[in-house]
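One chain, chain A, links the two complexes that follow: it is found with chain B in the first and with chain C in the second.
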Partner chain A sequence: MTSRAGGWALVAPALLWTLCFFVLPFAVMAAMSLARLEGRELVWGFDLGNYARLGDPAIARAVLVSLEITLTVTVVSVLLAYPLAAILAFRVPERWRRLALMLAILPFWTSYVVRSYSWLLVLSREGIVNRVLMGIGLTDAPLTLANTRFATVTGFVHFFTMLLTLTIYANLVQLPRNYARAAQDLGASRWQTFRHVILPLTLPGIVTGAFLTFVLCIGDYVTPQILGGNRELALPQVIMLQLGRRADFPLASALSVALMGMVTLAYLLSARWLRLDRL
Partner chain B sequence: MTLRRLLVSTALAVLSAGAAAAQTINALVWCDHADPALIAPFEEATGIRVNLREYEGTGAALAMLEQSRPGDWDVLVIDGIDVPRVVEAGLLAPLPADRLPLGDLFPQVVLEDRTTRDGAIYAVTEKFGYNTLSYNSARVPEADVASLDRLLTDDYAGRIAIYDYYLPVIGIAAAHLGLDTQSLTEADLPAIREVLFAMKDRAATVGEVVASQTALATGEVDVVIGGGEWLTGVLEPEQPELTWTIPDRGAVLWSQAIGVLADSREPEAALAFVEYILSPEGQARLATSSCYWGMPANRRAGEHLTEEQKRILRWDSQEDYLSRVQLYPAPDEALDAAMQDLWLEMLQR
Partner chain C sequence: MTRALSWLYLLALYGFILLPVGALVLFSFQDGGLPVPPFQGFSLRWYADILGDRALMRALLHSVLLAFGSSALACALGFLAAWGLARHALPGAALMRAILVMPLAVSTLIVGLGLLIVLTRLGIGLSLWTAGIGHVVINLPLCFAILYASMGDQQRSAERAARDLGAREWQVLLLVAVPMLRPALLAAFFLSVTLSWDEFIIAFLLTRFDVTLPVEIWSLLRSGLSPRLNAVGSLVFLVSALAVVLAEILLLARRRT
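Right, the complex of A and B next:
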């Protein structure tokens, strides 16, 4: 067997897997997005009408809501995760680091649905957050926290901060300590060292984590459904509405393709810094 | 016929068919059928194993049936409003009237025009209840839930949840406007839109079953529009202040039906399961199933319910309630699409 044939043989399982579980399903979905429903009948064809529905006010707003929530979650998670990762990498003694990392991934151990419902209880009018706020006199009456966009963002941030912490931490621990010392020997302040040395070198970890956060957040149905209280719908919720009762697979497929388009755009914007191999 | 006799005769019928050993049926059901207390007695008595698959939303069920091989499924439980849709699609088999306790059902929930076609019975109502108002009686005076008028004021801003299903809530809005839910047209939608928007403007959440229950139970909201006994029944033992009522202008009746799929590989066993579910004992268990409670369609189920269960289900008030409610709106395809668009518009408001 030539080395070329051997190479193909080695990648064949992965290629086959991608073909069966990504390319083919995506092709079916793309074809479905160009079909239309006539009554209860599915009519295959080349109809862009489903994509035109992206201009419907309710659906356009869902796109906007999804983008707003996702960008907010990504930014807040990065801002919280970076210092946490830095503390883990530079401040926590090595013997405690393993335990600290385990604590960081604890949220991954619980069911996604259970975690979302738990947040609903924590943020409810009689939940612990409102009790504490009223207990310390910050508010006189309970605040409406559950079933809001704030609740959705909180649920997401809880999860994605930990994900980002891991990707940034993986980047930080690989940095030779000498870089920071060299910068300071050359007269750089701590801020300048961070701004001009540490941050640029950890950018791949940040972008990788932020990209994963974007992808997982924008396509998530459970968290906004449980914590958002349906006061506004994100795009995955609108997709599910098409399937739940109407069984409008063509429109749901078109909206899913649009969702994938947003993910692709995010990938292209971040590709320069993306280092998925560091995960 | 007692349950014992029914089950013994079923078991004998199955045995005589020579198919008793390891016979299995697959049922596409709502979550109330997944209660072991409902299924185990049937399995033990007949030896027929019941594989259950829960679903939400008729669209999801139809998609599952479409993606399955013919014969994969034997029994279907479905929203009463959608029975004509599945009959029209040829998915259900006709049922033998002489093996169904039709005479024992509450006449108001037989819904013959939906469950029969050309004289043949394709499904039977197995459970029903009301989409109306659930509320916290410790916080909401009874007079306030006598009509939507009081609830749709700013006094209730942020204190309302809306059940996330367009048909019953549109039905409630229509009843509030004095409209006949069975004669709705697109011309009625602007007025209904105003009521829905007024609800949404005051709603803290629009949620499915568990979300609505959680919102009411945790004090997040004080009223659930679209709720009913199915929402508060399982909460009432722990929180007796959570209750429900039918406003003066009425509410809507929900129902779910059971049938045998036309291409079932085990039609006799599937029919036996349907017989069991419709039997007084099966009905009592289904009514008080762990997922949600609801009124059994068979009046004789009362013989097998405890007084406490009957109190929670308000057994003795059913005739009065049934006289005050309307059926779910039954839109044609065009009106159904318009209603769903209106619902999406309301959600995104």
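Right, the complex of A and C next:
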């Protein structure tokens, strides 16, 4: 019990695994981002050229596209998820609540690949939405819904609405009912109760969910690739392109480090309200 | 009024959330060549078709091996670390906990890319094993976090009692700690099975010939919508849903006791 060596021996395997296969590769990647590709030859060094390429129009555009998509998705998902979580927490009778929540997040645990494909079923030219719209005579020709930013955002919003519903719901059910009652006894309207009592208390749930949304959304390759197509590229798509065509690992590394930088920034901005330990 | 509105909202959101998965499963039974309306009748031929497809069945086997193997190892490593950190006062414990959960906050693309670079440098060929290394990296934080959170004081007393009665450390571990934490262990295991089963990008980057089911589906996507894809997708979805429900039941049962 008191033997420190015993404790070390227990922690060591997991720690070594993470150090060898996560921390070390990340360090190598960071070093790689400062290397240069001359022809097919890799030249190690301290070269910020790869980072300077963040200013290339195509790459800067991808960063912007990624940020735009991620911010849109985060805002829309919070706006959709909050009422859903509130209805589940306060309106649905206690005995149905678990089932209702399970149903609301059922597709949460599907592979990105399968989930994106199932949105293709809905949005593609011969997909459900177009078939229905043409069936009832609203349009003559199919609308182009797939291979657009709209499709990417829809696919993401679908997933992150479920995630945010989970984190906000977990926050809402922990609130003592008395707080709202006290506010109303003191003369607050329903809106004032929400604005000054409920909302501030559920901020941690919102911020935690929004942070996870940001991290997972900005780093995802599958959804924009399947649903957005190649017309406009998000940052992860550009990173993957570097691996394929030229095997430009230094540039891919620099872009990945930049991606990590954005995530870290989001973390620092939201750290005050984050409750990751509560998940 | 607001009551009616909230039920309407609930219904609309259920529609949005369940529509794609509903379409996926429904049209996997399509008796026709396109998985879109109209529904032409119930048929199991696409399931028969994928079950007879050797490439898909090989990918299925790889996915199962990868999910179970990497989850088992992640659970074992995570359990030892959680036990060590919960029962011993180690210097730098907070730092070690932070390092152990760090991969959770990093995009899997970056985890995969980092490993790919190192493996290529070392000249190690890509295979199911290398994908397994990557999957343990992403499963370990989850297993560790779940297990660390369930190391209660109740177990601590039982472990102390066992030691007082002369049990050796490995006996305390295998005969007291593991059985008492079995529900949490199984929950961590099944959650991590789901994570690994559904994971695409690491498996895509770190395998070459022994691809997993999501990677195989990815390459089938090029040929567009097809009821076969619906059938495989439904199968993948069913397995992950089952694993999550199992984990959920196990965690709930634990909380009740």
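In the analysis below, the second predicted complex is superposed on the first by the 248 of 279 C-alpha atoms of A that agree within 3 Å, B and C clash if a C-alpha of one lies under 4 Å from a C-alpha of the other, contacts with A are read in each partner's own complex, and residues count from 1 in each chain.
Definition applied: a residue touches a chain if its C-beta (ideal position, glycine included) is under 8 Å from a C-beta of that chain, and two chains touch if they have at least 3 such contacts.
Here the structure is a predicted model, which is why all the values come from computation and not from measurement.
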{"item": "Touched partner set for A:Ser124, first chain B, second chain C, both or neither", "value": "both"}
{"item": "In the superposition, chain B vs chain C on chain A residues touched", "value": "C"}
{"item": "First (chain B), second (chain C), both or neither touched by A:Arg61", "value": "first"}
{"item": "Partner chain in contact with A:Phe249 - chain B first, chain C second, else both or neither", "value": "both"}
{"item": "First (chain B), second (chain C), both or neither touched by A:Leu10", "value": "second"}
{"item": "Touched partner set for A:Gln192, first chain B, second chain C, both or neither", "value": "neither"}
{"item": "A:Ile226 touches, of chain B and chain C: first, second, both or neither?", "value": "both"}
{"item": "Contacts of A:Gln174 with chain B and chain C, given as first, second, both or neither", "value": "neither"}
{"item": "Partner chain(s) touched by A:Thr139 [first = chain B, second = chain C, both, neither]", "value": "neither"}
{"item": "Which superposed partner A:Leu19 touches (first chain B, second chain C, both, neither)", "value": "second"}
{"item": "Chain A residues contacted in one complex by chain B, in the other by chain C", "value": "117, 120-121, 124, 126-127, 226, 243, 249"}
{"item": "Chain B-facing residues of chain A, complex", "value": "39-40, 57-59, 61-62, 117, 120-121, 124-127, 144, 146-147, 225-226, 229-233, 238, 241, 243-249"}
{"item": "Complex contacts: residues of chain A adjacent to chain C", "value": "1, 3-4, 6-11, 13-15, 17-19, 21-26, 28-29, 32, 80, 83-84, 87-88, 91-92, 100, 102-107, 109-115, 117-122, 124, 126-128, 131-132, 135, 158, 161-162, 215-216, 218-222, 226, 236, 239-240, 243, 249, 252-253, 256, 259-260, 263, 267"}
{"item": "Complex interface listing, chain B residues touching chain A", "value": "56-60, 62-63, 85, 89, 158, 164, 203-207, 210-211, 214-215, 218-220, 333, 336-337, 340-341, 344-345, 347-348"}
{"item": "Touching residues on chain C, where the partner in the complex is chain A", "value": "3, 6-7, 9-10, 13-14, 16-21, 23-24, 27, 34-38, 77-78, 80-81, 83-85, 87-90, 96, 99-100, 102-103, 105-111, 113-118, 120-121, 133-134, 136-137, 140, 144, 160, 163, 169, 194, 197-201, 205, 214, 217-218, 221, 224-225, 229-230, 233, 236-237, 240-241, 243-244, 248"}
